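Handing you a structure now.
Chains here go by letter, A, B, C and D, matching the order in which they are written, and residues are numbered from 1 within each.
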Amino acid sequence: MEILQLDFYTQAVLSLAALIGLTSFLMLGQGRLLRLVFVFALQGLLLTLATGLAAYTLDNQHLYISAALTLALKVIFIPWLLRRHVLRMNMHRDVEALHNKTAVMLGGASLMIFSYYVLLPVISNTTTMMVNALAVSLSVVLLGMLLMISHRQAIAHVVGFMSIENGLFFAAIVSTRGMPMVVELGIAFDVLVAAVLFGIFFMHISKSIDTLDVDMLNRLNEVDR
Amino acid sequence: MIPAYLLLFVPFVGIIYFALAGHQPQVGRINTWFNAVALVMSLWLAINVLNSGAILSGSQYFIVDSFNVYLIVLTAFVGLTTSIFSASYMAHEKDLGKLTDKRLRLYYSMYQGFMLTMYLVLTTNNMGIMWVAMEGATLATVMLVSLYRTPESIEAAWKYFILCGVGIAQALFGTILLYYAAIQSGDAETALLWSVLFENAAQLDPEILEIAFVFMLVGYGTKIGLVPLHNWLPDAHSEGPTPMSAVLSGLLLNDALYAVVRNKMLVDGATQSHIAGYLMMGFGLLSFLVAALFLHRQKDIKRLFSYSSIEHMGLMTFAFGIGTPFATFAALLHMTVHSLTKSAIFVTVGHAAQIAGTQSIDRIRGLINTQPKVGWGLLIGTLAIAGFPPFGVFVSEFLVLLATMHSYPWLTPLLLLGIGLACAGLFRNVQPMVYGARPEGQQPVQANLWPVMIHLALVLWMGLAVPGFLANWFTQATVLISGSAPL
Amino acid sequence: MNWLMAIVQTGLFVILAPLLTGWIKWCKCRLQNRRAPSLLQPYRDLWKLTHKQPVVAEQASWLFIITPYVIFSAMILAASTVPLIAVDLPTSASADVIVLVGFFALARFFQALAGLDIGTAFGGMGSSREMTISSLAEPAMLMAVFTLTMAASTTNLSFAIGFVLDQGIVLRPSFVFALFALILIAIAETGRIPVDNPATHLELTMIHEAMILEYSGRHLALIEWASEVKLMLYGVLIANIFFPWGIAQQFTWSALGDALLSIVAKLMLLALFLALSETLFAKMRLFRVQEYLSFAYLLGLLGLLSHIILEVSR
Amino acid sequence: MILALAYSAVMLSFLSGLLALSMRQRKMLSRLWQYILGKYPNVPQAWRQNLNDSLTEQLYPMRLQQLVFLLLGISGLLALLAGLSVLLAQNSITDQINIGLPWLHWHVRFDGLSGLFFAIIGIAVIAVSLYGPGYVKNNDEQQHPFAVLGLFSGLFVAGMLLVLLADDAFFFMIAWELMSVTSYFLVAFQHEHSANRRAAFLYLIMAEVGAIAIILGFGVLAGYSEDFSFTFTAMRAAQLSPTWATIAFLLALLGFGMKAGLVPIHVWLPEAHPVAPSHISALMSGVMLKVAVYGLIRFTYDLLGDVQWQWGLVVLVVGAVSSVLGVLYALMQHNLKRLLAYHSVENIGIIFIGLGLSLIFISNGHEHIGVVALIAALFHTLNHALFKSLLFLGAGSILQQTHETDIEHMGGLIRNMPKTSVLFLIGCMAISALPPLNGFVSEWLTFQAALQADVLESGVLRSLIPVSAAALTLAAALAAACFVKVYGTIFLGLPRSRHCAKAQEVEGKGMPAGMGLLAGLCFILGIFPGFVIHLLNNVSGQLLGKTLSNDAVAGWIWLAPVSMHQASYAAPFVLLAIVLAGGVSFWYLRRDPAMALRHAEPWDCGFGGLTPRMQYTSTAFSMPIRRIFAKVWHIEEKIDIEKQGAMDQQVTDIHYQLHVDDVSWLRIYPPIERTVNRTARVVGRIQTGNIRVYLADSFATLIFLLWVIS
């Protein structure tokens, strides 16, 4: 069926999905850490909105809770944490030079197509339009990995990691109206702990190699030098 | 079902207790006691299951069947013996001034945390919770890997964290797809319960499950350490404190494999094809061969044995992938003997490293002359892990070989190659360490080798005669996994 | 009767052996325009040696002492198994041609050991060369024997000779090859020119003599005698296997007499050939011997193949 | 009853091993003993006294060692009895031990073939345990703990016996590997030398690979047996397609051949055997290789059943090559134990020639000749066990007395070590196949079998078999040359080193007794082969269902494998004649007292007195052969002459260096090692240490798998 026949809310969710995908792309091309964190927070916000809308549409109680969790964690806490670290290690000025940005971007685009192609069997035999957003969420996941691969800053890696979480979360919402409550809570807890641990690690890493450039972390390898 | 809850409760208490009091002198022994209690609980649970078949908790959140109950006992057992070892080991490390009270607290409480997550992974019936627990295991151990705060250890921990985190995220996506497939036909609340999924696996949409399984395999496979997702494993094993390496090798890998197999059962149920099996076989064989090659160029004793872990996990994955009752039985047996043997080896390795004051293979020499028990322990353990009879590893490898010969004869040369390479790779490094004259100024250390002896004795027992009750477990588990009993 | 016969002809063997040597020496001298010693000279030598007091080196061990006896008895044993004038002897049943080779090996083994016993350079040199040559000669010999035994389908000499007799005169290419192979080997094994020179004591060339350099008196006598018997053994082998006609198949005086005459004639003829070749050819270098022996082996092999390919119809 | 004997033999060897462990527990034991005394005061005085002083500090180790070897000896005796009785009883006893896999208990089967090898092991073990105490007496307990040595010796023997008892693949492999692993520890026993460690490593790896090959061989059989069972019974019943049968056979040949030491997979053998303690080398070289032969016979004749002539051809050729190359390599050695080890390669080659012949004849339907060849092979197996153990024990005595294994430093021992020299001489004569000793008989039988080649249809076989037999002759002759060299250099001539000059005869009765037993057997089996042939006939009767023709085994004097008319050998006559002729001439010539020997200086070419440096060395002895067969080795010969004086005419100094290597080693093994290392380095590149690469890896994997799926 066509997007015209859908109710307003679903349309809104779908367009949010598109926006979320866009934010992933923005992050992918972003060399400045502060902006990266900002875009990440933006993605979190969009995710919250999407969750809220979905909750409202399907009037599903516990989606509200998870929306609140998302807001707390992904929009406020983690960005704040990251921002704090960026400022403390005053990396807010330096720009990471990304090699062949365009290629990465094109790769990202093709990833989106690829994820649609992968999920085709899922999407084709379902009636609820919302599931189409599954493709976007998968592409968000993959883009997150791509982000980690293409960026050298540990903080960028964390952002990528978290955006992968976003993607998964979004997938859960659009496909299955969120996971069971226990699981949601568990995931949220894990994300929280992870965020804290990341904070600790930033300190350790910068203490040991006084930079957050992960390319410097290559003592342990199997290559003859 | 009570023992199961207690089993989860004990380490939970442990976390809190050690977080507060983890720095007292007797803490090592207390840790041992916690694990001992857990072992008792697990045995109790096992007896229940043996008497009255699989147990499903009232809330359906926990399931204990013949497949996971023996893994639970194994986990508890290895946890106990390793804690015995870690008591003397950590005391020695503290005397060397490598650790502060704060870190000791962290260590012991996270030890319990890790055990908790392990038990949770094994007992839970909810695939989502299983994922949560698996991620929790990463979080619990990642701080332990960097316990010494050396640059290497931090690097290792970071890689461990990122790679496993990203990997496990894939597994979550797989779980979501699984859930999605499930709620197409069924109630949203119970849809993630493994028991429910397994019952009506036939109704699940095969195509979705295939995709889901790919994500699961990549996700949990990262934790198993399948090549090329294994990169974190040797680093994490080699840089953390040795007891941690022992439990990582002995338990974490097993439980990740356990998760994969659980999912494989669902996928096989849904798609009447063997696709999951083929994927696992491919991964397994690749890991097996590549790890065997890596063994040949190791300079760090703990890295050496972590690669051997990869190799053996590869073999198990391969065997589970074959999927015939025969192979499955072999894989289950191999899980057991490998974790016993490998943890025993890591114990001796820890002492060896303390004797020589380094982990570098080139500087560990003449162990048999310095401290015969450690030297012989390492040598015999290596023999066992290299698959020489009369140790249990031989039995399982024998069965795997024959099962392969039976189902995929053209793959046996590869196995032959791999086993030969692995044996050579291990011994070319181990022999110089145990044999030869005693280096200047190398002194014996205070070592408690009971865990090693017990483990090796058990492995020997399984090599000579797989004990009846264990055989029953394996057979039941085999029936559960592959549908029919071996012969 | 048979046993008596066997013993008698073994005796004949041992008695006649020096005579053969004397005859060869005689022919050689004649061929080289020298005055020949009497045919009985070898007997005189043996007699003289047995009545001299033997001198042995101080460091000589018991092995050095017993060696001559071992060699001598091994040769007598060998002689007892080879039909000289009559076939189907009980003794020849007790050991076939392979055992015969075994006896030679036994004698050679002790000979070489004795050569090493004193610790002089020559002894070692001799033993080393002897063992080398023999180890090359034996396979060749076996090839020749194989050819024969495959045709006769027995390794028992009496039966083999009987087989040849029964067949009458058959022109077998395999036998021709085998004959030449055996002749070459006989020359090598008995230490004649061109492989070894029994007359020389020149350090660099001697083989057999080098091993027995330390022997004297009765020991030397036994060894010399043994080697003479060996020479005769080979002669008789060649003569009786390939040209058995005249050998006695039943024990009547006339038959035996004819046999005796015929074998003497054959041996004289062979000896003449040997003397001729020794006069014509020069001794070859030690490392040419291998080519010589491998040629013998080749002949044996050709004989075998021609037997398999040409003579058997399947 | 018989089985009980066999079991108790195994048990006793286990016990002796465990008992050895108590080497360090003297205090504990004496405390225990005091406790017992306290408990039961009425222990007889004699015991009390005896045990008390055997528990004292200085006596204890010796007593314990004697006890351990006593147990080992008894187990050997029991093994011998069990073997002989089952051979005579001509039946096969089966049994089950309730351990092993849940659905597969250990199956035990004790039949003629196992019985024969039981007997072989028994004899060797008895000899070794007579020899052992004297040999290990002076070991340094700290450097070379007897606890380890005794433990693994016991387990080693037990392992070998168990292999013979096994009647299912699983039990077989367990026992097999027990044998390999324990012998590995024994090889690594003197691990302070890096050479020994290297040897042990090589041995272990090759043992492992061989074992896996064997497992796969069993796997093929099991795959065709009904319901995929590993019992030998099921495997006998299995009907294989010719191709798979051949594959199974080749796998078995590889596996067992690696243990038996066939060229070119023999390289571990000359490395490993010499470095073990001598009495263990005797067991390894004399007996363990035989277990491999047993394995192949069991696998091929018994389990596979209907054989194909191509297999026979392969075995024949491999055997011929091994025998010739083995002896050629041996000739170039001057380390006594290495040399003996290479001779094991040669003799295994001879055994395999016999097996190959029997396979060919049987597959061509001439069972009665196949039986001859099989019996020849089995007989040679027995003989080799005897004289090779004898020689290794002799080498042990020499080593103990002179602290030398390099024969270039020996000489003249015949005067210092009379007993040893006689026994060693018998060993040398036996191994160089001289009548009337046992080695000759088995080789003679092999020849007899080969001589029957003209019954075969295929001309190729008919021409190949004699050639291989000629190779056998060459091997035998070269072996004779080699042992002239060995005996001459070690025992004859002048001592080449101080150690040798003042070496003593081994003290104590044990060591000579052990060697004497073997030497005596070599002699008796040489004179009266009939009895053994009779036993072996039973074996082949059980294995092939065919036996020798009657007149072959009729008399104890005559030995006529095919028929009196074709070939016959009467060892007693030969002995009698030798004794008569020798004795008569001896008596006749020495009757005159005036003819007594006169001792004098040997002739020394006019130089002042003979020195040891004048005599031929072993290298010099084997020089002509080295020249002739130069292709076989990798020879590095270096002569540098230092000259001085006007126009550099005065030679002051000549250095000669010779290094001879085994070609098959250089051609095969270092390349393998290089390849492995190179591949490992290439593979190592995937682990760069950069986390982003790792992420890319898992990313790529994911994408790839997703692509595969959809």
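Just so we're on the same page, a residue touches a chain if its C-beta (ideal position, glycine included) is under 8 Å from a C-beta of that chain, and two chains touch if they have at least 3 such contacts.
Here the structure is a predicted model, which means the values were calculated and not measured.
**Student:** Taking each chain's centre as the mean of its C-alpha atoms, give the chain farthest from chain D.
**Tutor:** Farthest by centroid: A.
**Student:** Please tell me whether A-B or A-D has the greater number of C-beta pairs in contact.
**Tutor:** A-B
**Student:** Suppose each chain is reduced to the average of its Cα coordinates; what separation in Å results between chain A and chain B?
**Tutor:** Those two chain centres are 31 Å apart.
**Student:** Quick check: how many Å separate the C-alpha centres of chain A and chain C?
**Tutor:** Once rounded, the distance between the two centres reads 100 Å.
**Student:** Please work out the Cα centroid separation of chain A and chain D, and write it as a whole number of Å.
**Tutor:** 70
**Student:** Suppose each chain is reduced to the average of its Cα coordinates; what separation in Å results between chain C and chain D?
**Tutor:** Going by mean C-alpha positions, chain C sits 37 Å from chain D.
**Student:** Find every residue in chain D that makes contact with two or more other chains and list them.
**Tutor:** 681, 684, 686-687, 691, 695, 698, 702, 706, 709-710 - these are the residues of chain D that touch more than one other chain.
**Student:** Mind pulling the chain B residues that touch 2 or more other chains?
**Tutor:** If we look for residues of chain B contacting two or more partner chains, we find 158-159, 162, 166, 170, 211, 294, 297.
**Student:** Each pair of chains that touch: what are they?
**Tutor:** A-B, A-D, B-D, C-D
**Student:** Over in the complex, which chain D residues touch chain C? Could you list them?
**Tutor:** Touch list, chain D to chain C: 411-412, 414-415, 425, 429, 432-435, 440, 444, 447-448, 451, 453-454, 457, 459, 462-463, 466-467, 469-471, 473-474, 476-478, 480-481, 483-485, 487-489, 491-494, 558, 564-570, 573-574, 577-582, 585-586, 589-590, 594-605, 610, 612, 614-616, 620-625, 627-628.
**Student:** Which of the residues in chain D come into contact with chain A in the complex?
**Tutor:** For this pair, the touching residues of chain D are 681, 684-692, 695-696, 698-699, 702-703, 706-707, 709-710.
**Student:** Which of the residues in chain A come into contact with chain B in the complex?
**Tutor:** So the residues of chain A touching chain B come out as 118-119, 121-122, 125-126, 131, 134, 138, 141, 145, 148, 154, 157, 161, 164-165, 167-168, 171-172, 175-177, 179-180, 182-183, 186-187, 189-190, 193-194, 197-198, 200-201, 204-205, 208-209, 214, 217-220, 222.
**Student:** Which residues, counting only chain B, touch chain D once they are in their complex?
**Tutor:** 158-159, 162-163, 166-167, 170, 210-211, 214-215, 217-218, 222, 228-229, 231-232, 275, 279, 290, 293-294, 296-297, 326, 368, 383, 386-390, 394-395, 398-399, 401-402, 405-406, 409, 412, 416, 419-421, 423-424, 427-428, 431-432, 435-437, 463-466, 468, 471, 474-475, 486-487
**Student:** Can you list the residues on chain C that touch chain D in the complex?
**Tutor:** 50-51, 53-63, 65-66, 69-70, 72-74, 76-77, 80, 91, 93-96, 98-99, 102-103, 105-106, 108-109, 112-113, 115-121, 123-125, 127-129, 131-132, 134-139, 141-143, 146, 149-150, 153-156, 159, 213-214, 217-218, 222, 286-287, 290, 297, 301, 304-305, 308-309, 312, 314
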